[in-house]
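Chain nomenclature is as follows: A, B, C and D, assigned in order of appearance, with residue numbering initiated at 1 for each chain independently.
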């Protein structure tokens, strides 16, 4: 599928990103016989199937759209937007701080919409993400999102309450995006290999405080809490400035490592 | 070597991180017969070789140090500190936005101390990073840093001026951390595959303006400029607050994609 | 009028702020016989005239509104919202850095909607603000806003192009919120007393660069450029966090002092 | 004294700011017969007494220093630096939000070094600031600082514990910079006039939470919490960027108004 394919042209039924301008791009399935309707005319998907990535196709009114392969970032934004919690910037920090790489085994909770699951799976493939969720409806939504991203081979979806325990052992990392991460500190400790990483995303400072105190009590070390602010810069010739509106807060990211 | 090993115990001559407290950790080579001297006594490295990751060793005055495997973040911080330019937060954003994954081919310039090279190689291995540098002394320093991180198998160091052209073709991304990135826009266009990514890190807004205008003129699309602010939060029970001092600016990260 | 009155009760025809909740407050004229219509019913202004500040009045459906005296901040926000440029946080920094106090004489341009004019006049009264504007329509809007705030006695509105010169001499400060502040640097130098302050608000970094270079060339000293980010914190018991959306950028504030 | 004088030349024994460059300026007393020693030679204060503000004097090695009148900002920074808590940006927000103006009566606690006291007195003069402090040593330090700024006529220093009650009634504002502001909420309510302002500066989010909950319980309205980040921009021709290091956190400012 899209995220794992390395082809040069758009395969039928793969996802494709049709880029119009800096404000509008559309992620759609490249299905023969279908159309993408926009305010700048419609794009016949027959012209997209088989097109080279980077090339341009025209809408019926002659407006250019650039054919791009969707990226992890695109998938994550599309999926995450529905729940508005963790953002790509925060996932990026987690992936980099944890040094996620091929073959790692990671536990995650809750699955939610599957946005973070996709990101974790993308970097550990052909490793595995064990993703816990208690709400079967969320799990089904996540399954579709992960399948669409072509990453289901690297994910084990579990319908279980992670605050009751973690089945896996000796994992490289436990990554949480849930309301009460402090309830998972002891289970994470049991599941992690020596030196393994605990990581948690929380919107409120109260969650952070409870989690950090629980981590210290349990003997985790290198406990750090970060907040990232992402500004986008608007560049016009002779008139460069940050955009007026910005996402001023998503949440705090807490990291810690297991000490035996 | 350290970054690519998945062992459970410290092998002789590998790098190890000895963690003392939230303010102090030491990255050292685990050489039998050597010692790490600190203000809390010295650690005999004979006690470290063969120790399990996550376990504790004692200094000669009985103070505990936790034995941790160094991470990509640790290597990057150690290397980057010497030049004080691009930080892990910025590298993380690049890696995630570009969706760097196993097998990709990436062009980088300048090599500098090799910090960014390490990060790129870590995520594309067993792919390859072609890294351009004009200063042979920098290149030698970088070589040692990349070797230490165990990533030299995935890096081709080139002593060439990238503003004169890029030898490679059809690469997934061109990643720049250099004074005049706008001089590389045309070469990057030639070297990239359709839809491939241009990414550039620049400390000043003037560099950003020139680069973005050059990208737009050349027909790159999805041109975006971001700035990340990273705050660290200090958590004491009942007294949670951001730290007083912070790195208020590292630089801006520009992204764009090649349109045919 | 409202801003300069120190009375304890609402006088007829003065402005009053009717506060409903943390998201809604209404600035209205206290006219007998009029009504304020809201989605929580209407408030009969007859019940507001003569009410003590801080007391509550009820709408026709029994919902409480708190009767508050409007503040400078309220006036400035109300006026500035129409043009969306300089914000109270930036005005506050200017007022404090310049140490604006009773009796000072300040030159300002452009008048715009009069929001900044109100702020300057509020702090220098019974001093005077000479405010330059080239657009007569803007000047008329500003006049009404300044009169409403009760500050017209301390303002001289001038329909003149400040880039052609400043009539006043020996003023304490020149305060600019206009597109090309660098064109006023020489005139400001002539108009200022020794050690007097130049201050300028600009949305883009390019304006800042030109202005700072012009200031240094003319021999101004203590040239400083600041940017303020204002975050609002959402406090619920056990769930404290910054608000999700924020104004990420208004502009940069440049300060300098005249050296003879 | 310096802050309230409007003279054109430096009077003997007044404070003067000698400006060397963008990194160095010196606040000193203009005493005949004394010298200011710097790494760029010494300045004979006899050459400073009687000099026009804005003029230049030379050190014994011929380096220029600009003679400036110290501002409120300079006093506040000089005083506040010793305790490193509330910064000018936060005071500016308070002064502007509260609309402090001539003749107002304000209660403050704790006096501390007197930096905030100076700022409040500067804007309410010839009004009065009643400043509570329990530590007699702090009070003495503050008295000297306030006298030096020439503002003691507008301040009443009280050696009393404000958590035991406020003597004044019908005041315009109660302004707090102390460890447990929530203990003053009831007293502030009693002391304030209808619609009057409560304002509090606190470094930790836990203090903010307790204070806001206490304010809401007591019936205060328009409760708002702000955090200001101040970045300074470094302007070189063709190389504009924020400074690398910044004060990432000082504290949160809470505002509320008394509702009867």
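Odds and ends about this structure:
Here, a residue touches a chain if its C-beta (ideal position, glycine included) is under 8 Å from a C-beta of that chain, and two chains touch if they have at least 3 such contacts.
Everything numeric in this text was worked out from a predicted model, so none of it was measured.
Listed by label, the chains that touch subunit A and also subunit D are B, C. With every chain reduced to the mean of its CA atoms, the largest distance from subunit B is reached by C. When the CA atoms of subunit A are superposed on subunit B, the rotation angle comes to 180 degrees, reported as a multiple of 5. One simple way to say how far apart two chains are is to compare their mean CA positions; for subunit C and subunit D this gives 21 Å. Taking the mean of the C-alpha atoms as each chain's centre, subunit B and subunit C sit 46 Å apart. Centre-to-centre spacing of subunit B and subunit D amounts to 43 Å, using the average Cα coordinate of each chain. Contact of a single residue of subunit C with at least two other chains is seen at positions 205-206, 209, 231, 240, 242.
Residue ranges on subunit D touching subunit C, taken from their complex, read 3, 6, 8, 19, 22, 25, 52-56, 66-69, 71-73, 88-89, 91-93, 95-99, 101-103, 119, 122-123, 125, 193-196, 205, 208-209, 212-213, 221-233, 235, 237, 240, 242, 252, 257-260. Here subunit B touches subunit D in the complex through residues 84, 203-206, 231, 238-251, going by the rule given at the top.
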